[in-house]
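By written order: A, B, C, D and E. Residues from 1 in each chain.
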Amino acid sequence: QELMGLGLEADIPEDGAPLDVSVGIEISQISFVDQKSENYGAVVTIRASWTDPKLAYDRDEDSRKARIVKPDEFLDYASKRDTIPPGFIISNQQSNRWIHHAVIAITPDGEASYFESSSLTLQAPHFDFHKYPFDTQTFFFEIVSVFPNDVVTYSGDEAFSGLGDMLGEEEWVLNNPRLEVSTTTGISGQESDRVTLVFEGHRHTQYYMIRIFLPLLVLITVSWAAFFFDDYKKRAEIAGANLLVFVAFNWAVSADLPRLGYLTFVDFILQWVFVVTGAIIVFNMVLARMQLKGQGELAETLDYYVIRWVYPLGYAAIVGFAVVRYLLT
Amino acid sequence: QELMGLGLEADIPEDGAPLDVSVGIEISQISFVDQKSENYGAVVTIRASWTDPKLAYDRDEDSRKARIVKPDEFLDYASKRDTIPPGFIISNQQSNRWIHHAVIAITPDGEASYFESSSLTLQAPHFDFHKYPFDTQTFFFEIVSVFPNDVVTYSGDEAFSGLGDMLGEEEWVLNNPRLEVSTTTGISGQESDRVTLVFEGHRHTQYYMIRIFLPLLVLITVSWAAFFFDDYKKRAEIAGANLLVFVAFNWAVSADLPRLGYLTFVDFILQWVFVVTGAIIVFNMVLARMQLKGQGELAETLDYYVIRWVYPLGYAAIVGFAVVRYLLT
Amino acid sequence: QELMGLGLEADIPEDGAPLDVSVGIEISQISFVDQKSENYGAVVTIRASWTDPKLAYDRDEDSRKARIVKPDEFLDYASKRDTIPPGFIISNQQSNRWIHHAVIAITPDGEASYFESSSLTLQAPHFDFHKYPFDTQTFFFEIVSVFPNDVVTYSGDEAFSGLGDMLGEEEWVLNNPRLEVSTTTGISGQESDRVTLVFEGHRHTQYYMIRIFLPLLVLITVSWAAFFFDDYKKRAEIAGANLLVFVAFNWAVSADLPRLGYLTFVDFILQWVFVVTGAIIVFNMVLARMQLKGQGELAETLDYYVIRWVYPLGYAAIVGFAVVRYLLT
Amino acid sequence: QELMGLGLEADIPEDGAPLDVSVGIEISQISFVDQKSENYGAVVTIRASWTDPKLAYDRDEDSRKARIVKPDEFLDYASKRDTIPPGFIISNQQSNRWIHHAVIAITPDGEASYFESSSLTLQAPHFDFHKYPFDTQTFFFEIVSVFPNDVVTYSGDEAFSGLGDMLGEEEWVLNNPRLEVSTTTGISGQESDRVTLVFEGHRHTQYYMIRIFLPLLVLITVSWAAFFFDDYKKRAEIAGANLLVFVAFNWAVSADLPRLGYLTFVDFILQWVFVVTGAIIVFNMVLARMQLKGQGELAETLDYYVIRWVYPLGYAAIVGFAVVRYLLT
Amino acid sequence: QELMGLGLEADIPEDGAPLDVSVGIEISQISFVDQKSENYGAVVTIRASWTDPKLAYDRDEDSRKARIVKPDEFLDYASKRDTIPPGFIISNQQSNRWIHHAVIAITPDGEASYFESSSLTLQAPHFDFHKYPFDTQTFFFEIVSVFPNDVVTYSGDEAFSGLGDMLGEEEWVLNNPRLEVSTTTGISGQESDRVTLVFEGHRHTQYYMIRIFLPLLVLITVSWAAFFFDDYKKRAEIAGANLLVFVAFNWAVSADLPRLGYLTFVDFILQWVFVVTGAIIVFNMVLARMQLKGQGELAETLDYYVIRWVYPLGYAAIVGFAVVRYLLT
């Protein structure tokens, strides 16, 4: 058994047992959620505490109740005492980590507590946009031990962990935080312990209702109304103008999403609305042509059914299918 | 009673009393207010002063009137004297904190003064956009002690604190700064003292008047005028063009706000203007149809009342309702 | 009299006189001017020189003609010699200051010279956009002593200061640099010396001529011409299209400015052009109505005067008033 | 033979053989691919391991199984032992490299292992957009030894290298990673060893189908349909409106690409669609003119063939040619 | 003669001759060219080598063939040996300089070699956009000695310098690199040596052809064609629509350039196309009026010449004049 692939026997912890570190993760601020880049910014407080007799000191020599040391100095401190500093990596860290404050407190008994407050960008690769904008996403914050789990083990500090009460995120409703302890292949290439804070988020849908669905509904309703009153050519013109508006909607929606390999709920609707609108234009042209060629009555009959039934039912079918296909699965 | 959960008795301050630190916060520049991310950038001067006999030195050995040390060196300085450096965390800090200058001056009597000038981004999570753009928002800058309040207590340095006289912020009128001292759960998990500089801001509304409300008013007035002179079809066309302009307004306004879970004042108005414009198009189509079917007189009568009374009163009612519902509550 | 509010007598300089530091500021590059954020980026060379016998060294022990030390080491150097390092703060610094190179040279006689080349973002809070885009703005770069002026005084190093000859700024014509020495309340809360490099800038107006005023002029001229040839309804349509173009202009202009609490020169013109265009639409509708009701002659007479005199003179009056009201005051 | 051009003989490794370093590169996250700047962001784990007896230590003196040192301290460590730290440069690094964690473990036998987790931006200069958006691109991550290859040689650590299983990149399908060892001219100006992780990517084409090709197809189909039903003038108007839409498409597509010196697949199609649409407008104007001059029958005959055959076949030919010319070569 | 204005005699180099440093600059990547900010990003390798007997060491004491030191340590190294570290400033550096790797190698004979690989943003203030987009620009990278040239002189390391073979820049064709040695006023206020890598760039014009000139040409051609077939009013409408398109083009082009104080080639063309289109609208209105007043024949005659000759020749004259005035001077 090797430590970091170096041919070391696993007896680094002299007493045979690995060093157990209790890890807590509290996300106090969400500075942004960038669904296009699939990451989010957070201000986080990390707390790790463990007991290592080698870190203890004699109060006769040092009367202090606790030694407060900076993390950098702690490496020296641990090195001089032949013990290991239980370093960690935030495995879904994506940017630099700006440390606002970090300190280690050591008691005479060798109890050590690491506290860190920092801001960073974190990967959120589990995004699944199929139900967009009615999607629920999973976010996580993952701490992995630098040392294999025969040297350092992790346990979760549930009491300390979770989401703060003032995250400052308006678009997402974030909830259901939970702490999970597992193992993974660490930086050393061996099984290492991992503590993950997982939480979930869904969107306020108000925004999408007012900005996308309401305008769509009004535009489609108005152009439907036009079909009862206008002649065939005029209808084609109105639908043609709508076509351009739908292209604009399509581009606006896509600007908010990564370039996906699949259709989202809203993509699906916009796409079919677009195709149907194109078909309606052609249909009205055909009707105009029929009228011109003296088949006015047939045209009117066709028109009667299409306007009254095919058009509204067609759109309803699109939305209904999308809801069943995307949202209810 | 524990220090940082380490099982230490609370007798760190040997004389029984916690170290009292006087904290002052002066915001000298506001570099930006980002309402979408709900944060703001500031250049701030922080001043903390306290007296600790352990920091004193003998002027026979060191003739200087004051020792000027860098914060990093102060950790050593304090550590060697068995006393604690009263560290703090800015709890709504959201970015890295770029320190322009930081220094600690120590007198022979053990009076210590920390001065810092720095720039950073701060969370402003209290934003409430219901009255937008006539909203008043609360901003804060919050310093929390790293140590529990049985070790370090804070008092407010009112004389030093406040807003500078050249904040360099054009959009917001910022005022009413006040310093509040309270306690909160600190990084150690225990009750810690907190000093908060709170201030308020409201917007110059000129911008919104000229860019949103004036164009809206002119467009609606002109299309109202059109209703007196044009035929029914022409009116529907004009209103249809307005519909697209209102979609553009809607998108432009939403680009300035986070994706909220509620309607703002201006959203409410835009939304109803949009719906009413859609209804007017349909109404005019109906009138045109009636005219065509020989019900021209009835159409005119209906038109007479709608144009003269329903249209202007309807818009006035929307605005009036919005004012009462959003601004006066 | 206190040093940094610490109860120190003012005799830090043993010989009774404060340390005089000669400060020079040369801005060698302007990397950007961001009028919306009211700041600018600069690469600057700062030079500070002073003579302090305590810094002197014996050439018998150290044969060097000058000691070249890094600023960090200088703090030690000064501390060991019981003298103060005359630190400064750039009071309108808004970002981190990236130091490209900084060095202190000390001669055996105790002459010290600090040289720094750095890049940073600086606040420019004096922006006044009333005359935009024909405005002249004042920029500054302000260095304030960390120590009160009974400890350290500043004098201006005129020969070294100013603007470089290759600023790399295209939009602004920057000139009239001058060095001003004054006092202000420093970080210590006491009167401290300040050296300010002030300079001014006005814009190349070519851009605004081609992008805003020329299109406006052509559009207004063309629509005026249309009034001589088209019927009333057509005119209203043309003016209606212009209305939308003016909304776009309005938004484009506002995207370049902060959200001000007042109208700029160009805002004033755009606003009135907008209102006038709205009025013209209504006016033409009224004329069309009159014609329809058999008052064609009266309509033509009205039209004759309005087109020939009111329209051009009205626009000229708007521009004239704007010039007098905004530019000539 | 020189070391770094300094006139040193190549006997730095006393035993005659260069130091062999096994290098592994694992890309665990792709934070972005910016095709316009031709770079990509990655979070990477780098592992380098080598054996150097000079690094060994005596377990009688230091009982630790492994010494864990920070990279900075390792320079001292190596320097004191008269051996070299096998430094490397990431030759396609384009930004700062933010190191999340870096550590060196040394065993008593002198086995050293360097582990680094970091985030950075990397140049991707091999981009070839001819087949865009159906292009396959090559990405790489290239580590070059600071020392010439008679001092330090590299071998590839295949087992450790590759792409992680949660890259978090939605737009690109990244695959086919392989590790290549080669030599290049290093920073010292001499032949140095290089380890490159090469991988490939192609795009999800769904996005382009829905946002570009579907709208294009619908617009062209609808305007083709119009040709069967509308008169010549109307057709010209419809095609004229399309012309403006195609300009908008052209600009939108170009906003995603660097300003290339060649046409991409989609550029080629858009360009010819644009030119053909222009030609169709002129063609319809000619037909209208012919009709007006009494050559209506000839116009109809021409029209018959053009609409039925030239128009659809022309577009098919453009697409067909583009496919053959761009995609199949 | 002074060193850094400190009253030092110029005998710092004891042997009377200044230290000669050979400087090489190789730009290996161009990460961006930002013509609006007039700067560019580069990854650069800098190499400086010089021989200073004071740096030599005795191989009996230190058996190493070369000492590899970090730049920070070199300051100490040089200081202890009473010699100067030949520091430099990159005078057109505009951002922080992120150093990827930097090392100094010293041989027993006192030969020192500094190698640095770094990324930074550099000012490019020589931009002249008159011929845009057919302009050729000059870029540079300028290293200035911190010391005056009686202390340190520079020579160019031609063999090492130049542009790398994979710059990763798509828009610009960069070439003609050359190394120039000159003197300038340095940070010390005295004549200092300077080494400059100068290179040139011109654009791939494909982009501008497809995105600007082709659409312009098609739009103008189509509207010209319209003049042969449509009536006067229709023409005015088509030209009016073009007017708005040209405004959009104008804004799009200007978004890529700084706000210049002069017209570029493309500005000149767009401006005159705009004015001419405005004139054509008015001209067609006049013709329509003449027709209405019974001067139809005169109108037709005027029209005949204007359409056939004035219109095409007018545009050709604009382009021709622009080419002669802007490109051939």
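The rule is short, and it goes like this: contacts are C-beta pairs under 8 Å (C-beta built on N, C-alpha and C of every residue); 3 or more make two chains touch, one makes a residue touch a chain.
These figures come from a predicted structure and were not determined experimentally.
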Treat touching chains as neighbours: how many steps, at the fewest, connect chain A to chain C? 2
Turn needed to bring chain A onto chain D - CA fit, degrees, nearest 5: 70
Chain A and chain B have mean C-alpha positions lying a whole-number Å distance apart equal to 25
For chain C and chain D, let me know how many angstrom lie between their CA-based centres, rounded off. 40
So which stretches of chain D touch two or more other chains? none
Hey, how would you classify the chain contact layout here, line, ring, star, complete or other? ring
Beginning with chain D and continuing through chain E, what order do the ring chains follow? D, E, C, B, A
Can you list the chain E residues touching chain C in their complex? 3-9, 11-12, 37-39, 75, 79, 82, 84-85, 87-97, 123-125, 127, 146, 187-189, 236, 240, 243-244, 247, 250-251, 254, 258-263, 267, 271, 274-275, 278, 281-282, 285-286, 288-289
In the complex formed with chain E, which residues of chain C make contact? 28-29, 31-32, 41, 43, 45, 47, 49, 62-68, 70, 98, 100-101, 103, 105, 107, 109, 111, 113, 115, 117, 119, 160, 166-168, 170-171, 173, 203-204, 206-207, 210-211, 214-215, 218-219, 221-222, 225-226, 228-230, 238, 241, 245, 252
